[in-house]
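After this come two complexes, each holding chain A, first together with chain B and then together with chain C.
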Partner chain A sequence: MKPTTIITAPERIPLRRFLIASTAAITLALQSSPSLAGEAYPTAKVNTTGLAVTDDTVTVGQLHSATGTMAISETGSIQAEQLAIDQINASGGVLGRKIKVIVEDGASDWPTFAEKAKKLLVNDKVASVFGCWTSASRKAVLPVFEKENGMLYYPTFYEGLEQSKNVIYTGQEATQQILAGLDWIAKEKKAKSFYLIGSDYIWPRTSSKIARKHIENVLKGTVVGEEYYALGHTQFGSLINKIKLKKPDVIYAIIVGGSNVSFYKQLKAAGITSDKWTVLTISVTEDEVLGIGGENLAGFYSSMKYFQSLDNPNNKAFVEAFKSKYGAKSVIGDVTQAGYLGPWLWKLAVEKAGSFDIDKIAAASPGIEFTQAPEGYVKVHPNHHLWSKLRIGQWGVEGQAKVLYESGLIEPDPFPKGYQ
Partner chain B sequence: MQSFAGFSLFSVLLLMALGLAIIFGQMGVVNLAHGEFMALGAYTVYLSSTVVHTYLPALAPYYFVIAIVIAFLVAGLTGWLVEWSLIRFLYKRPLDTLLATWGLSLIMQQSFRSIFGAREVTPTLPEWLMGSFKPSESIDIPINGVFVMGLTLALTLGIWLFMYRSRIGLQMRATVQNRVMSGAAGINTRLVDRFTFSLGCGIAGVAGAAFTTIGSTGPDSGSRYIVDTFLVVVFGGTASLMGTIASAFGIAQGQSILEFFLKGTMGKVAVLMVIVLVLMIRPQGLFASKIRS
Partner chain C sequence: MKAIYNRLFGGTTGVVQLGILAAILMIVLPLSLDIFRLNLVGKYLTYAFVALGLVLLWGKAGVLSLGQGVFFGLGGYCMAMFLKLEASDPISTKIQSTPGIPDFMDWNQITQLPAFWMPFKSLPFTLLAVVVVPSIVAFVLGVAMFKRRVGGVYFAIITQALALILSLAIDGNQGYTGGRNGITDLRTLLGWDIRSSHAQYLLYFTTCGLLVLAIVLSQWMLSGKLGKMLLAMRDREDRVRFSGYDVSMFKVFTFCFAAALSGVGGALFVLQVGFISPSLVGIVPSIEMVIFAAVGGRVSLLGAVYGTLLVNTGKSLFSENFPQLWLFAMGGLFIAVVVLFPNGLAGVVELIRKKVSPFLKNLRTSSTLPTSGSTPLPSPDKP
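What follows is the complex of A and B.
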């Protein structure tokens, strides 16, 4: 979602993380009990391409930024993926094999991501990788995954315009996240005029483009302003004055990172609050609300596929497991939940294919249904994205969203016709 | 209303640049860790907020003012230590100062990350700071903006009085102009250096503390400020307080007016183009002090 400023810093050694990770790996290795795997699924048969699969373990990789500017956003995904892997191991592993994790740190630096991806695929021969967050990091590792034939589970909602045999996209692509949300707000608020605001890079720009086409061609509304501000911009005074002059029915915000906090604080200070104005955003999840403060967002809307407050048994169990592992104060945002889907979807694909081979998993993935997803039900589309629902949540002062609307399952369409 | 946006940006830019105007402008030290000193001030406010809300909730409405003073002291003291342990060996090697302070900024960023975590934090601010003041139906003047303006005004006035009306200010300026001669006249130039540096850092701390009312604080907040800060100081002419004020004013008004009439990013681009042009014609900046070289 957000490639912030590229800061090339000398690589920092996350010693604590390394220790935790290696301890966890050792514990897992020790726990693995002799299984029936060898009989039902002989290693030679389920692993024909030399991946790191033994009779009782299978090694996967995890590649996120644990350090650097993106650590703030990626921590949730790291935690959710680890939780999913723990749960899979506790329930018997994959094809009778316990999952062992090798954790690599992309350090918020895109070339580092590519290098670590290569290390995981070439040296460690991992059976799958859960990782990346920003589009920039995904674009950096994509050629590596395609050349070395690896499998990446990517959790972030993103701009679309991409599809690969070697990637499963567990977040929403732009049309899934945007269109239904706009339809709802246009109907609910009788909205005709929209002001589009974004941070200045590919995801907000592509998303705004899709939003504009939909507003103008389908909703027959008008876009009264479309603007982008540099990442890290903190002074929105002039913009807010312009918004007040144009009086749009809806302020559509795609601002990310630290700018978010300044933007919403200044909106509130300038008297743009939910009693007179409508703000709809696709870039604020529970994680961002921690920094922005619920009181600055109260009454505004987010359009996401997942909110922590979703009321269904899967989600209740997930939230409880997450909090008992990472503390009662931890929050779960959209991308965290999408991260949690990765290991499970991989497990289902391996079991359907009866093999760890990348080509067989890629071919087996379409059509896989995951009914235990916290977001409800998801299904993998032949284009390797997920069928998913779209929800509108309204933020409360305590930092949680009340879900007001839920769409039906939306087909992923990474190359939308008429929106490019 | 639009003029308020310009003045608000002006006070923010000036507040950022004041500390650096002293350190870089007066002493010639290229302090790339300046932004981290701001972040240090901001984190100090965050800590104070946490402590006050946990142990002394009765103080909650007033703590912010005290927290700013603490931020000044913490950043100033850290500056004192940094000068003593690092900067004083490098006065004759400006390029090495650049590397050393860059390294320092990385160390400080990682320390923030280790101590406070990678997430951005926001102190709980007193209610009176967050609202807006409504002179008429269509106008809302944010109180935090007014607060930052007042603080900037007071601080600028204070620094001006200090630099140009006090004895130690005189010594500071003398040391900058001619170190050897000042030493001969009995000024302890080493002490003056240390004092100047820590004063600049302290002011950076105050700036950081004030910015918690506007934005959030993260380990790399400092690197977001540093470019604008240097821009203001260099554009104004390095050795002049007046220049810094004029340059902050010019950049702020230019940017907020252009942002209003053009689009977001384009406003900034236009301002940067003008600055580049001006610096090509006047490499010494808007105001240059007349020193014989």
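What follows is the complex of A and C.
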């Protein structure tokens, strides 16, 4: 205020005094502009627990597998999280602070994940961590996050049966991904008999359990076969013979990783194609299709909350930004999009809480709505999972899905009654 | 008395070297590192137990096992089962459909604790099992292989198959073993919170103490008849056999001893890291552990400990600073060690001593000319 009065009446003030006064005014202005955030949100007030927050930066961690067998799956999440952080920084940061990232490599090895999580929380005092992909890596770091009171944004769709103050699950838990999809296929294809196939670990097993209960108790159908194969298994010949014998209406596949490629190629070679058979999977996203090849999947269905082909303005902007940063050939799968939600949901939680303190953002998270989400709209539930929709996509030869069905918003229910 | 002392420590040189290692581990590191880094060192040291076993088995007896991760894992799983049962009391698991059993069992519709889990409610049984279970597996495999005179590459392949079988068996029975996720979220040992920094200091020193004990025990074994037998077998097995010795049982014993050491390492790993999973049992960790021993020098007990520390510290630091490139750096380190120093770190130290000690000797003799006959410095060639 004062400087303006001085400057509006320059003719009455000698030059020397004018110069001194205006220099003082400029200095004042220079001092006040960077501390704008500092004044509204002084560091001492927004960070009472010693996190890595300064007057103009806040440090977060990113913990995925950049190397090892999981790197191929986790790269998409790494990229999407970095894109979100860049966008947040470009739009002014969080509480006026730019986000700095410390990247750690979990190396597809669970003890390494635990070690790096501890390093990020104890040594680097990061305000939040975006990371993990497999259930095993999340299980390995969970005790660390609970003990050291950190905050993890976990992007993968997973089996549920978990809920923690220190984790926000931005992917779907099993019932969100499974039930509506089964309802749709039962109605659309008049399906009564199902063949469940999965990789042998907790997510496919839990998902099959939920699917079986829903098929038997709600849809009044039958499960004609349920089988599991070790991760990395590549010989599906005998399974395909059994499928041909049982002739299920729907083949429900939860095969992950490299096994996917041999599974779908062998299905096609054995004549199990979409003209006579229905295959519904919850484990194939655009990323997997890149490896499997669209021609081996053409006409099969995936049930996911997100497909790259979603037609809405948020998603168009997201896909364009992603491709301009990572190349026109890059594809975006369900987990990549969920990874993108992490930094944004964290920013919203911090702003709602007016603080970086973990306890405060954990408490502030429920009820947060993110309307700019590429998947359309999400809202954080008190159980730290997201309200989200389910979509059924049908794969085309070019590797993109045509969205045939979209459910309403589904409430997350990590401990589903009647499905355990 | 003197004889026992020499056998346990390998003479004055041995005492000095062991003393240096103990001082580094128990004084220098705790004073210079924060608890997070010290806990990491503690984790590395648990691998050193496996590397010690490999020195005996591979360096001394000439039997290369690519499945030592199995025994590390068995020891670890025994410990983890005890801790998991303690963590699964009915109150903290009341959200489950069957309270009082480990959470992963509940997720797999198991409603009763399986019989083979029952004994692991007892700590003394668990501690015994940590040593005995790996030994029994090693004994059965050892007798089956060595009695039939299977050795060399074939033995290595079979141990590798064992590693694969065990990790698949754990993976495939997730209701009983926790599957791929392993046994996680271990919190307390007899009500004592193993995650607190106080506990981590104590566990670190326990690990160091046990490691020094293991070195002394190994040293004692090697300095006796067994050590000489092993060396003789490594160099000319037939002659030893023709002299009337049962070669196979010496190998079986060494294999069992190495397995028991690995089991102890596994149990200490679980206590310090707080979980175990099949990824620590399989082929990759088993081969990594051979690399630790190779980098340290496969014939030197202390070398194996230093090798383990060096490789793992490198792994942590490289991966923290170059998340995208660190594996190349590690690969480069291994190639450099194998090509330039085939006897590992211990070989380098030996080389330096050979170069330096005559020089020192000269220095000493030139300064005290009359008493050139008595050299206080031990010659490296002395047994």
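Assume the second predicted complex is superposed on the first by the 386 of 420 C-alpha atoms of A that agree within 3 Å, B and C clash if a C-alpha of one lies under 4 Å from a C-alpha of the other, contacts with A are read in each partner's own complex, and residues count from 1 in each chain.
In this section, contacts are C-beta pairs under 8 Å (C-beta built on N, C-alpha and C of every residue); 3 or more make two chains touch, one makes a residue touch a chain.
Just so it is clear, the structure is predicted and the values come from calculations on it, not from any experiment.
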First (chain B), second (chain C), both or neither touched by A:L239: first
Partner chain(s) touched by A:F415 [first = chain B, second = chain C, both, neither]: second
First (chain B), second (chain C), both or neither touched by A:D105: second
A:L161 touches, of chain B and chain C: first, second, both or neither? second
First (chain B), second (chain C), both or neither touched by A:I72: first
First (chain B), second (chain C), both or neither touched by A:Y201: second
Which of chain B and chain C A:V122 touches, first, second, both or neither: second
First (chain B), second (chain C), both or neither touched by A:G271: first
First (chain B), second (chain C), both or neither touched by A:L142: second
Touching both chain B and chain C, residues of chain A: 67, 200, 228, 230
Residues of chain B touching chain A in the complex: 1-2, 4-6, 8-9, 12, 106, 110, 113, 118-122, 130-132, 134, 138, 140, 142-145, 211, 214-216, 218-221, 223-224, 255-257, 259-260, 263-265, 267-268
List of chain A residues in touch with chain C within their complex: 66-67, 103-105, 107, 109-112, 114-116, 118-119, 122-123, 135-136, 139-140, 142-143, 147, 159, 161, 200-202, 205-206, 209, 228, 230-231, 415, 420
In the complex with chain B, residue positions of chain A that touch it: 5, 7, 9-10, 12, 67, 69, 71-72, 75, 197, 200, 226-230, 232-235, 237-242, 244, 258-259, 261-262, 265-266, 268-271, 290-293
Touching residues on chain C, where the partner in the complex is chain A: 34, 36, 39-40, 43, 95, 97, 103-104, 107-109, 168, 171-172, 174, 179-182, 184-187, 195, 273-275, 277, 279-280, 316, 319-320, 323-324, 326-327
